[in-house]
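Just below sit the structures, each encoded as structure tokens.
What follows is subunit A paired twice: with subunit B in the first complex and subunit C in the second.
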Partner chain A sequence: MSTNEKDNRARIAAYLSRFFPVQDLGDDDDIFELGFVSSMFAMQLVSFVEHEFGITVENEDLELEHFRSVGALDAFVTRKLSVPVPR
Partner chain B sequence: MTGALTERQEQARKEFRAFTDRHIAPHADAWHRAQRTPPEVIRLLADEGLLGIHVPQEFGGGGCDAVTLGLLAGELGRACSSVRSLLTVHSMVAHTVARWGGRELKRSLLPRLARGERVAALAVSEPDAGSDAARVTTRVERDGDDFVVTGHKKWITYGESADVFLLLGRSAEGPTALLVDRDTPGLSTELIEDMIGIRASMTAHVRLDGCRVPGGNLLARPGLGVSHVVGAALDLGRYTVGWGCVGILDAALEASVDYAGRREQFGSLIKEHQLVRRMISDMYTHARAARLMCLEAGRLRDERDPGALAAASTAKYFAATAAGRAATDAVQLHGANGCGSGYPVQRLLGDSRVMEVIEGSTQLHQTGLAEYAFQEHTPRSER
Partner chain C sequence: MTAVVNAVKAVKCVVWDLDDTVWDGVLLEDGDVTLRPEVVEVIRVLDERGILHSVASRNDHDAAMAKLEEFGIAEYFLYPQINWGDKSESVKAVAEAINIDVGTLAFVDDQPFERDEVSFAHADVLCVDAADAVGIPALPRMRPRFVTADSRERRHLYRADAERRRARDGHHGTDEEFLASLDMRLGIAPAQERDLQRAEELTVRTNQLNATGYTYSYEELDAFRRSPGHDLLVADLEDRYGAYGKIGLALMERGSEVWTVKLLLMSCRVMSRGVGSVLLGHLIRSAHEAGVALRAEFVPTDRNRTMYVTYRFSGFREVERSGGVSVLEHDGARLPEFPPFMDVDVER
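Our next item is the complex of A and B:
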């Protein structure tokens, strides 16, 4: 794992840890099974990854699998950063 | 107070004030009594580019920043909350289409929303589903490439005049959001009259009986209608309603200062009476505080900061409750004159009641905002 990937995972985990009452959020912990904490959580999460990593979450990106865990989010962000934004 | 604005934003605010002072404010009481917004007013807003002011430029809109949109909502709210609510619902739909619409839908619809050729409304509430949007029972069923929609929507702001609705229903996958044209066979509307506030807002029932909707009108994905679609719409709605409440605060303050400076009782102008001064001091303070909170929410929104959602909710909650108190005090300060229809404060009072109900009631905010506090102030040991 590169330093950059580690850094991205740490940033994602740090943000998500605000929402879930667990000491350490594992890379593969299913955040949906931990439970939503507010009705606006989904939009907060979309807003976070867009702001934090400078990407745009498109309609076609709305697979829950992309948002299910720290590891899944990291993979999603890495993929978005590696492809040009479609017009 | 203008120090937080850029030169361009301040110039836009002055232009919005001049527009609303000329075209909206002088007629607001008449529209309130008639319970109608004249179609030519909606046309004027469209022609001036105000309805599409926040639509991205790539789709023909004004592409203005969130702060500028807020300034417009504030000036419209100061003049007429009904017309402000038109900007709110139209912008909510346009924003959500830009956010979660498919490319073809964006390409075909957004330029028309930007020009105001099509005016949009949000059709979420039902007779038995208000704050709890996930409880909607309007049925959305797949039929080939289309959806078929049957249900009853209620309290739809500008539902009587809108050309297109962003509708929330329930499909096999869960809450599902679609755009539905007024002209769709099976769709009918019925004006709701004698509301307590925003009486010119053409609020209506919308009934759908087997309405066939093209699959391309889907927003986001089936099942994400509340979490992503209504979530995105409500976030912007709360922001502009918060600003609209700043406008109500301004209007209540201006009417009260004017009246207190002319009304004489017990041998002096009532502006010298201590308890009148207290009411005006509170309005003045709350108007400033609400404006600053809305400006912060706008700035965060423009920076795409995830904290913008909490800021918009907090600003809306504060501004709506402050507008309610200011309008109540403004009526009290006007005495019997405030109870009649000869002064605008009666309208402001009714409008302010609605502001505490829509886009997240005061009670929902009172129970929900604590969640943001817990997120922001998690004990260090749990981080």
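Our next item is the complex of A and C:
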């Protein structure tokens, strides 16, 4: 794992830990089961991912599977960052 | 680039200058300023209509607040901005604190410079010369289509929100712990005739948390309420700070195999409370119990993405798109539970 990837995970975990009362958020812990997700939080999470990593979350990307854990978010971000943006 | 759909937006909040606007004189120079009774009357009349008030004044905060208290009008003003900064910033701060679009504000000031400065930064704020203050209630944008029990109470509802916000800002811990501390009770019930005006008002006032933006007249809503093929539901919320009023609305068309959510909207005052997901969760569970598929119409705007995310994260997928309307369908994979921090009372 490169430093960069580790860094992404840490940034995601740090962000999520503000919302969920857990000591150590595991890579695979399902945040949608740990706590209740309000519309506000869901939107904040999407905005966080877009701004923190400079990517655009398209409507078709809005699968719960991509957002439900630190590991899933990290994989999603990595995939989005690796796809060249068509101009 | 926002298309002007409704030619004039109703004003939701009037932001007042103080010196030589609400009172005659300059507080820090003259000391004894005189309240303008005609302005107080304007404030009172608008308050009755459910239009909110705030302040943008370059002044000493404590001295100005003390004067407003002394005049007995401090309670009218939400999130007063009394500082030495630009008024365009103060106006923006008011809109953000109340969580309404800046274009739904009016700004009253005796100084042309201040009005121009606000206009320049926010072209859609209605700027009014203090000399014309008495004419404000007669302006078309100051005439809400409805004045309901909720609108007359609006100032108190927002003051309770301000108290909640102070509690949240002082809260150390996660949002969920804070939500748990609020002791929320959500009621979901079929709309009664007395709810219809408020229901119509919600369809007109709600932009951000509105899945389709369809507006229905009182008569249409009344027909849905009576129709055996439809469910028209209203949600109301209260917590230990008081009532929020009727804050949510859902309209569901019940076919024999598919139920379709035509309308799902929530007052933006409850955006962080999880109410939208809970109401949607109730619809998902009802459809599941009835053994039918649940679909929902969605009309994207530049404001309502939060609602789209709510649907998607609740297990809906887009199955159809025609014209400007998307049709989403619940995948049935997961039935949402009501959150532990909210008492939900469903009336059938």
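Just so it is clear, the second predicted complex is superposed on the first by the 82 of 87 C-alpha atoms of A that agree within 3 Å, B and C clash if a C-alpha of one lies under 4 Å from a C-alpha of the other, contacts with A are read in each partner's own complex, and residues count from 1 in each chain.
Here is the rule we use: a contact is a pair of C-beta atoms (placed from the backbone, for glycine too) under 8 Å apart; a residue touches a chain by one contact, two chains touch by 3 or more.
Everything numeric in this text was worked out from a predicted model, so none of it was measured.
Contact with both subunit B and subunit C is seen for A:M40 once the two complexes are overlaid on the shared chain. Judged by the touch definition given at the top, the superposed model places A:S82 against neither subunit B nor subunit C.
Contacts of A:F48 after superposition: subunit B is touched, whereas subunit C is not reached. Within the superposed three-chain model, A:A14 lies in touch with subunit B and out of touch with subunit C [touch as defined at top].
Look at A:N59: by the touch rule set out above, it reaches both subunit B and subunit C. In the superposition on chain A, contact of A:F67 is made with subunit C only, not with subunit B. The intersection of subunit A residues touching subunit B with those touching subunit C, taken from the two complexes, comprises 18-19, 21, 37-43, 46, 59, 62. The touching residues of subunit A, when paired with subunit C in their complex, are 18-21, 32, 35-43, 46, 59-60, 62-64, 67.
Of all residues in subunit B, those touching subunit A in their complex are 100-102, 220-221, 224, 226-228, 231-232, 235, 303-306, 308-309, 313, 368, 371-372, 375-376, 378, 382-383.
Note for the complex: subunit C touches subunit A at residues 173-177, 179, 209, 266, 271-277, 305-310, 312-313, 315, 318, 339-341. Against subunit B, the residues of subunit A that register as touching in their complex are 14-15, 17-19, 21, 23, 37-44, 46-48, 50-52, 59, 62.
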